[in-house]
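Lettered A, B, C and D in written order, each chain numbered from 1.
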Amino acid sequence: MAMQITPEEAVKKIKNKSSVMIGGFLGAAVPLVMIDKMVAEKIKDLTVISIGAGYRGGGVDIGKLVLNRQIAKYITAHVGTDPNLIKQIVNQEIELELSPMGTFVERVRAGGAGLGAVVTPVGIGTEVEDMAEKIIIDEKEYLLFKPIHADVAIIKAFRSDSLGNLQYKGMSNTNPIMATAADIVIAEVDEIVEVGEINCEAIGTPGIFVDYIVQGHTYEERKEIYEALWISTNKL
Amino acid sequence: MAMQITPEEAVKKIKNKSSVMIGGFLGAAVPLVMIDKMVAEKIKDLTVISIGAGYRGGGVDIGKLVLNRQIAKYITAHVGTDPNLIKQIVNQEIELELSPMGTFVERVRAGGAGLGAVVTPVGIGTEVEDMAEKIIIDEKEYLLFKPIHADVAIIKAFRSDSLGNLQYKGMSNTNPIMATAADIVIAEVDEIVEVGEINCEAIGTPGIFVDYIVQGHTYEERKEIYEALWISTNKL
Amino acid sequence: MPKNYIAKRIAKEFKDGMYVNLGIGIPTESANYIPEGTHVYLQTENGGLMFGPKPQRGESNPDIANAGAEPITMLPGGAVFDVATSFAMIRGGHIDMTVVGALEVDQEGSIASWKIPGKLLTGMGGAMDLLYGCKEVIVAMTHTDKYGKAKIRKKCTLPLTAAGVADLIITDKAVFRVNKDGLYLEELAPGVTASEVKQLTEAEIVNIKEWE
Amino acid sequence: MPKNYIAKRIAKEFKDGMYVNLGIGIPTESANYIPEGTHVYLQTENGGLMFGPKPQRGESNPDIANAGAEPITMLPGGAVFDVATSFAMIRGGHIDMTVVGALEVDQEGSIASWKIPGKLLTGMGGAMDLLYGCKEVIVAMTHTDKYGKAKIRKKCTLPLTAAGVADLIITDKAVFRVNKDGLYLEELAPGVTASEVKQLTEAEIVNIKEWE
């Protein structure tokens, strides 16, 4: 069962040195308001767990945490979109933990699903072999990776009812998986509706996984924000 | 991309000694028409992969394959609902491969997702230790199970478009997972609609996973079948 | 013994806002005694949260059923999903409590409920995942079997469903808490004496002296 | 060299009904040249199938984007899902073809595309999953790097993205098939000679004699 709180209250759940999963995919479907609050609160030494870096070019969404030097460790599959992040990694200001993207996803899923490890053939014959334990099953080689679990997950959904049942729009990408894999799960949503308004089949994340609901930008506001971003970066 | 065929054509994809995943959960949301066709065709020596046995008491849905002695091996988590099945197992007419239900589910998922194994803490300290390999990660014991993949999966969905995009109603239970884990996937549906009629967010199994679509009973017919079954067994 | 004593006693363990998975039989019956004002969200391992009572005839939905394939209804706010999500929920520690029946339970909290060699051969179903993953495990059963033999034992004699997981044992005679150092008697059923419980319990009861 | 030669040549590999994941750059461009009457279903690893061109201004949807977070549209019959489903689809062998760029590819079909030690440090993203899981792997790239150095090598010198996975190599000079016993020249680009290709290719071309 979830509780609706303000972004100001929600950001207090994240402490210096917290590990924080951030939903979204390279800037899309990210919890923009919660990230802004984390920047405003100057929470330090964060371990950020995100499938990739922020929007291309840096300085947008998660890129703000980078510019503000709030990150000590980054667990991800891809940092290529944010030159500032790469610079801080090269300068050893940020520790980087990489895995292939599908492996990253399964590690987070395993963290939420109580599984002991991820066993995948992806990465065999590459440097990724150094990032995991190699095991042999029926004479075939696999890599064994450990699950990922976080102190806090901040995720983005379209809307929520007051029980924390979440509905997604479009590509939900990492959000439903990360909703399962943290001690405290904060969902930022476009709108909050009455219980029963979201049909049982339309619920992408049941409220059992969600602790706090935060009103984010409305859908119309997000549409404006993204159109402006896409136009200014020549994508629309 | 999927092709619509008749149940008579679809059942020809299943051969003697085929391994066949059957979607549903103890009789609910099972592909009734396809099971009836398998019975009519008397396909023999099947390896059936199903989360449990058929509807309580036996002789219904998968229970018909049992009565007809078409099964050589049963891979499952639970056979308690079908006394005929238990009898054939005890008489060693059917070989039984058990795993805990959550492990069974992950084994099927791993089979469809190209993962090498399932690593779970469930079953440690029980007889299940004899059914798997034990591995130790960070000083904690886990069991390592191999993925399950089938020759054919017959699953049940509410409806399909002509590309094989499937929408589910109610508890989709094992159907979306099994849809990923067989060489040939046959979806039995209540109705078949035009492309575009199922909203992109309502698609539970994208058509990429589905090979053949079969018109099953309509929703109203299934409602009648289940009401009659439930009333006759004192459940409604 | 008051009618439905065990089911009613289980219901006292429900706290507002809990997500709970109930085993078949007496545990499921306990949902009828959830205290007024307490909201308990029931999970069913075939893929549903917040389900309600069975529907009226003519109003059932062939795709809305519980783990026994019996018709149920979904309450407002209820969610449906597949079994991968359901068992991720169960195994991943997201469910607050499960209440299950058992053949035996022992003073280490180990539970035997799925197999009697040569007799009961149903398979473990979802029981092992539930007992491993749910935050609190309550065993609800008759104190003795039909031959009067103790079901609360020093060490289970039947194949285990899970080792060291039970938190509370509710029987028609008493309520026990399973702590790290053993079994504690917490409550006697109406009209039952401590010495009767001691006699009907094979396990050692750490605090039995306080009750005698 | 005809304009967009590589992208147009890739498009000839599309067969009706294929599910395809296209890498950024030239591979993505090839979607503009899909032959009339051929239906190709594009997958994007952030969780979409059957997407179409970018929307008009004012008609974008902040939640409909490709793997580069750029606005796209969904075609009728398109599906959206989460990344667990997306990578199950990729790694599980459900996608017919992927077309990717590369820094190097070698005669064993190994591909290097994600890292230049000390220079390019972006992380592998989804490339390793795609190259492992997709049924057919096409590498599309310029034949040589900007210094004129051969990118088709006996053995990759850069860290691999995947070992032994490439099926076809399409460059601005030629098309090669990677078989178990090595690299086969299949086609020369307009105006390109076999000896030119031989000179610009470090890898051994098994059937080069047939072309000279």
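Simple rule for what comes next: contacts are C-beta pairs under 8 Å (C-beta built on N, C-alpha and C of every residue); 3 or more make two chains touch, one makes a residue touch a chain.
For reference, the UniProt names are A, B = 3-oxoacid CoA-transferase subunit A; C, D = 3-oxoacid CoA-transferase subunit B.
In this text, all values refer to a predicted model and were calculated from it rather than measured experimentally.
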Intersection of the contact lists for subunit B and subunit C: A
Chain pair showing more contacts of the two, B-D and A-D: A-D
Chain centre separation (subunit A, subunit C; CA means) in Å: 36
Centroid spacing, where centroids are CA-atom means, of subunit A and subunit D in whole angstrom: 28
Chain centre separation in whole Å, for subunit D relative to subunit C (CA means): 55
Two or more partner chains touched - positions in subunit A: 106, 109, 113-115, 120-122, 168-170, 200-201
Residues of subunit C whose C-beta touches two or more other chains: 48, 74, 80-81, 87, 91, 132-133
Chain-level touch network, classified as line, ring, star, complete or other: other
List of subunit B residues in touch with subunit A within their complex: 106, 110, 113-121, 135, 137-138, 140, 142, 144, 146, 168-170, 200-202
Contacting residues of subunit C [partner subunit B, same complex]: 44-48, 54-55, 57-58, 60-65, 67-71, 74, 80-84, 87, 90-91, 110, 115, 121-129, 132-133, 159-164
Complex contacts: residues of subunit A adjacent to subunit D: 25-29, 51-52, 55-56, 76-81, 86, 89-90, 96, 98, 100-103, 105-106, 109, 120-128, 158, 168-177, 204, 219, 222-223, 225-227, 230-231, 235-236
Subunit B residues touching subunit D - in the complex, by the definition given at the top: 1, 109, 112-115, 161, 163, 165, 180, 195-196, 200-201, 203, 206-209
Contact set on subunit D toward subunit B in their complex: 17, 19, 39, 41, 43, 48-49, 74, 76-81, 85, 87-89, 91-95, 132-133
